[in-house]
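In the two complexes below, chain A is the common chain; its partner is chain B in one and chain C in the other.
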Partner chain A sequence: MIPANSDDVRIGVYVCQCGSNIGSVVDCEGVAAWAGENLPHVAVARENKFMCSSLGQEMIEKDIRELGLNRVVVAACSPHLHEATFRGACQRAGLNPFLFDMVSIREQVSWVNTDKGIATEKAKALISGGVRRVAHNEPLDPITVKIDPNVLVVGGGIAGIQAALEIADAGYHVYLVEREPSLGGHMAQFDKTFPTLDCSACILTPKMFTAGNHKNITLLTYSEVEKVDGYIGNFTVRIRQKARKLNTATCTGCGLCEEKCPKKVIDDVFEAGLGYRKAIYRPFPQAVPKYPVIDTENCTYFQRGTCKVCQKFCPTGAIDFGQEDEVLTVNVGNIILATGFDLFDCRRIPQYGYGRLANVFTSLEFERLSNAAGPTGGKVVLRDGVSVPQTVCIVHCAGSRDRNYNKYCSAICCMQSLKFAHLVKERTGARVYNCYIDIRTPAKAYDEFYQHIIEEGIIFVRGKVAEVTDAVRLAGEEGKLIVQVEDTLVGKQRRIPVDMVILSAGLEPRYDAKEVGKLFGISCSMDGWFIERHPKLDPVATMTDGIFIAGSCQGPKDIPAAVAQGAAAAARVQGLISRREITLEPVRAQVDEAKCSGCRICNTMCPFNAISFRADPTRPGGGVTEINPALCQGCGTCVAACPAGAIRGTHFTDEQIMAQIEGVLLRNPAREHAVEKEAVYA
Partner chain B sequence: MLDKVAEQVKPFDPVIVGFTCNWCSYRAADSAGMARIKYAPNVRLIRLMCSGRWDPQFVLKAFAEGADGVLISGCHPGDCHYLEQNYKTIRRYELLKQTLASLGIEDGRVKLVWASAAEGAILAEEIDHMVAEVRALGPLNWGGNHGA
Partner chain C sequence: MAHNGESKPKFAMYWAASCGGCEIAVLNTHELILEVDANFDVVFWPVAMDAKYHDVEAMDDGSITLCLFNGAIRNDENEEMAHLLRRKSQLLVAFGSCASEGCIPGLANLYSKQTMLDTAFSTITTDNPGAVRPIIAYDMPEGRIEILRTLDQVVKVDYSMPGCPPESHQIAAVVRLVIDALHGNAALPPRGAVIGAGDSTVCDECRRTRSEKTITEFRRMATFQPDPVQCLLEQGILCSGMATRSGCDARCPSANMPCIGCYGPAAGVVDQGARMMSAVASVIGGNDPKEIRAIMRGIADPAGTFYRFSLPSSLLRHAKV
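Moving on, here comes the complex of A and B:
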């Protein structure tokens, strides 16, 4: 290797204009000329309209070959966009790709400044930092890791089912983990799906069944992931399978236990609080798997020690009160998170009266009301269970597009509200109002659905509902719910007396999305949704290699979008599996055993357990610290912690960073040149 | 004499070195760029893999090389790409601040800022804020008391 200060270091500097993106603000030609004259070891400095074009890349390759460059700096966009591109160019010309550095003068200079002079000076400083740093760069070999072909999919809603089926059909094994006792997610609770109005269960159940019986899918329902270790290609995952308190090997799913169980419990989860289930239950009749679970918090036997009715009646003796949770450890190469959403809790908007006024319903409650398999058998009735509403108001954007709650649009509520309007009209013939802020129906066949609903005679009032109240002020309001809304198209306040109000609740990140994100090493946006790698070009990958996201855990979306993401994540994973191995950045910590004093300060620094201590009584410190490169993730925290400077962080060494600091602070290169000369003469 | 007056009137433009984490704050700078948010040009960012790689000696080096301030930025506590390394950054930062105080370096010259990849606007705002603060403090006069 050539020492950084040797005369043999020959750096090529390339300044990209990025069309006019950089060129209109930074004097690229001047910067290149300046770098060529003033920066140490620069053998050639050029500028180009588009460095990332094949012409730009060929220019670098040609210079490496013809001018004998052994370091390259490209000043262009962010390294997150084109670092790989230019590393490739270096590699093609026979230069180790890690002898390259990229300086961001677009995102950090031309796009955030307007003054040409100032921007040009900043670009010079950053390029100086890159040049100084690259002189210290070392050739590195990428780390190759094998990809375990097994895949973990977390979340058994439609997105997770789709992802699991795609991968399983391709011939790879999938562990599909679902927290609830059955697959299905929110989609299993719906009656009809927009805009086709086909029955949700009819299209979902076959998929659930296939996933539940697929030879390549290990279904782990009533289970949760507890711990994730490792990295892309090699994750070790600990999963807790909660005790169903029955033996699934002998249970036939006949349902007799459920029928005979004397304990009724309000079903807050599947029936949204509108119906009952037993203490031993399946969330719904088509549940996959077909086995029930005992809810021990409500089971009379578990609470009082007597009952055992289910055990008495079970024809196969499957009930096992003593069953314990099972903890399994599985190895997978890739993970897809499809953990879905929580519904906005409408109690948080007190002026809408949900929880206080009986006939204010949430959208999920209405889904269950209108569902033929729901608590009312699909009859749309008021909370008393018998009265059919004559007038219904659907309130859009409950909890969405509201700076008091969530600023974002929940994407599904407009279409859901239109669907509700249709169902109410169809089932009850009631007069239906939709109070909306804007109607958003951008997807295929959505606006046609909206037009169709208008033609059905649904009344649309453009305005955000201020209040839902039962306080009567005018004649005709007695016994009604009054919706107070400003009709912004007419410019008037309206009081609409209705029998039933449906709040079209928005979608929110899962209450534990943060913790789940932390468990898998990915982060959440300001709103709490999982962050994708790129909002447009990489929507299902995350910043953590090997972890993908699909469905509503990434942001509010409807069924078609969730299915598309499930399939997309599956395709990404299959691509990785078929490569068999991938290369990782060789950014790792290395211990110089000669320098290590055995102080063990670094030993507590690593959350990946890559650092261990090897006792060695012959050494003054009683031993030496070792780092396992397979476990090291390259954060460099131990490097900074080592008081002896015995740990090196490859590609981010002290020398490289110190040189970059010197470089970016080169405010007056002429002066610095003079100082250097003085030093030489002294 | 007049030259000296002119020099005093000329506004002081501080230079600040910023250390950013590859996963959050460097990407926040990217997103500030993508959103074309204009902010003070005085900060020069250096990319590290994690704010945990940030070593207090980088700050001393930057000051020795003529920086007037140093910004350290990483993922929000709890959001670290490497699980919990930014907590170590907090501890090192607090320790460094005490050391700098005993060296007579003003508090506002070193700042720890959390910015997620989505928070370009926040990073830009923090940079503007810090530049104004350091500008008010004036140039770092390290060792000036000793007539160096």
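Moving on, here comes the complex of A and C:
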């Protein structure tokens, strides 16, 4: 190990132009020349059009071999992109990869500056910091950890089911956790799926059944994850299985209890408020698992202490009013989150009248209305339950592409609206209007579906609906809902009197997405969707190793895309499992026991529970703090907290950080504090 | 170290911007002071004997074997003496907290010259009927008033000895070590080292019991009688022991008073105040920002608490005023 200030430190500095990404804003040649002349210990400084190219990498390798470099700094894009690339180049040339440091002059300089002069100066400052830091870098050896082959999948919608099945079929064990009493998610609520119009239940229920009965899947419905500890390969997860108040070992799922239960409750979840369920219920007939749950908030026995009708009628004596929640702890190596979406609440757009005007429906309500297993048996009728609409208007982009609500496009609403138009036409023969901003049908067979719907005689009005009202102004509007919309293709305001309005509601992140993200250590975008590791190249991984995302929790998605992501996440997980062990960054916190006085400041700090206190009566402090290197993730919380400086963050030592700061701040060697100090000492 | 048997090695002690407590701490070594006299010629020690600066100037460079320099560098006079004694001394020791870290006088670095002078010369507690003020518009012989610096920010020092003042038993040990080294019976520590102190923290010498900490309220000594056994920080008292270098035998916590940090940062720590703040922030209870702010309001004078002794030697050094 060469000390940082030794003359033997020989640093190679490489400035990448990244084509024109950096080169058009930063004077890379000038920066390289400057670094070679002014920065300490720099043995060679070069610039190149693409440092990540094999030519660029070979240049580094050659310099290490021929010029005896023992430290390397590459100023290029973000370490997320190419740190591994350049570490590899160092390693191939026999240099420990941790003697390399990357300076981001693309994301942090050229992409965020337009002034060439300022950008070039900033690049110099950052490189100066990198050079000073790298002098203090130490060779490190990666840590290897074993991967637990068990997997946790959170969310039993189609994305989660797909992921679970793929992994289970590959022979690994999956814990599939679902918050609701049954698998199925939103897809279970639909009647038909676009663009093929095949029956949603027909394609979903076999998958649900397989998942529910798979020998490699432990199905935990009516359950929620409470706590996640550990790291990739070795997570410990605490799951609360809410009490169904019945014994699943004896329940046969005959449904007699449901039939006999005297208490009817409006089903706000599965039936979107259009139908009823009992206090003991299964969300829908094909529910997996087949066992009902008792909704204790509405159950007469739980509220008033008498009833017990279900218990009286249950042929197997499965009802257990005293049943408690169960908490179980499972160990898994990887986790897939497929927690789905919430529907935009259309009440937030008061001018559309939902909740005030009876015959304004949301998309989900219409799904239930058109569903053969729904409250009307698939009959498209008005809120009175009998009248068949003669005219229907479908309003696109309710809550999407609107700066007042959500700026993003919810991706599925166009196709869902086209599907609704078809179903209305097919079931009622009504005149159907679609009021749209733009029609977006980019996926396979989607535009053909659109053309088909046009041919069915559906009327398309290009314009964002301003208002839905029952205030009559013109003849023929009596008793109707009037849709006020500017037809932008004709350039005219229109008032369309209709019997029924369907708001094609957008998709929103789950109401608790932020908390769930925190629980699993991943973050949400500004809109609230879980953030993927890379928007194009790594869509199902997250910044936290071992945590993957699939389906609509990452952003609005239709069924094919959700299924593809479920499978993709499963493939990523299987890839990790088949490696059996993986190498982790050796960035860890270490306690210098001689310096630790056992003050216990850090003891409650560790988010990974890696810190423990070892009692030692021979020490005045009563013991010392220890860090389990297998659990430590190198986050640095304890390093910052330690008042005695007894905890050291490997690869982020005080010396490295201070040197980097000094480098950045005192880029100009002529102004150097160090020089000033030397003069003093002379 | 060369030691000519005929003439004794020479000893000097000087006070720059300091209170004089360090001198008293040296005298507190009691009979050891006779050993100093037996082993050294005391050539310059303004508090104990008369001498003029020109006497020092007349000495040969490097002729003083050991110089204990206490006090920080506040003005030109301090600075000039620092350079002079550096030139004349073989071993220059930054003695005590002022010379090593800046100490209490260094807290004036948080204010402008004007504010500092107003506070020193024109408050109600100052008896200054003629409103006499140092003239700072000119370079006076008394010197410019600048930010306060530590000795090692002005000249190279051989050793630093922390403490406000250094504990007498530590002074005694250091003097003995130097005497032993002069007689060839011991080796001096490497140059630049901190001497007369430990390497860990006051907590390491403190006998109080401690457990995992969560602070929900900061309390001040005047408002209650702390438990004599439990860690003071756990009782809500801002004790700096965890961020302060050991060496004093935890005298203050042993007397049921919080450590105030006079021994400076632990070995290897750059900024004692930052360490202390970071540690305290880590154990403040509550998740609600409002609640946390309410707890934090219990910290009276944060700058003076966390940087009581070390502001000029910290990363901050001084406020931009």
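A few comments on the model shown:
Throughout what follows, the second predicted complex is superposed on the first by the 666 of 682 C-alpha atoms of A that agree within 3 Å, B and C clash if a C-alpha of one lies under 4 Å from a C-alpha of the other, contacts with A are read in each partner's own complex, and residues count from 1 in each chain.
Heads up, the rule we're going with is that contacts are C-beta pairs under 8 Å (C-beta built on N, C-alpha and C of every residue); 3 or more make two chains touch, one makes a residue touch a chain.
In this text, all values refer to a predicted model and were calculated from it rather than measured experimentally.
By the touch criterion stated above, A:Ala249 is placed in contact with neither chain B nor chain C. In the superposition on chain A, no contact is made by A:Leu537 with either chain B or chain C. When the two complexes are overlaid on their common chain A, residue A:Lys595 makes contact with chain C while staying clear of chain B. In the superposition on chain A, A:Gly621 makes contact with chain C only, while chain B stays out of contact range.
Within the superposed three-chain model, A:Gln660 lies in touch with chain B and out of touch with chain C [touch as defined at top]. By the document's definition of touching, of the two partners only chain B reaches A:Phe652; chain C does not.
Residue contacts after overlaying the shared chain place A:Ala641 against chain B and chain C alike. Within the superposed three-chain model, A:Leu474 lies out of touch with both chain B and chain C [touch as defined at top].
By the touch criterion defined above, A:Asn603 lies against chain C but remains apart from chain B after alignment on the C-alpha atoms of chain A.
Within chain A, the residues touching chain B in one complex and chain C in the other are 605, 637, 640-641, 654, 658.
Within the complex formed with chain C, the residues of chain A that make contact are 594-605, 613, 619-622, 637, 640-646, 654, 658, 680-681.
Put simply, chain B touches chain A in their complex at residues 15, 17, 23-24, 26-27, 29-30, 32-34, 36-39, 41, 44-50, 52-55, 57-58, 61-62, 65-67, 75, 78-79, 81-85, 88, 92, 116-119, 124.
Those residues of chain C lying in contact with chain A across their complex are 153-156, 199-207, 209-214, 231, 233, 241-243, 246, 265-270, 275-276, 278-279, 282-283. Chain A contributes residues 78-80, 104, 106-109, 111-115, 118-119, 121-122, 125-126, 129, 514, 517-518, 521, 523-526, 531, 543-544, 587, 605, 607-608, 633-637, 639-641, 649, 652, 654, 657-658, 660-662, 664-665, 667 to its touches with chain B in the complex.
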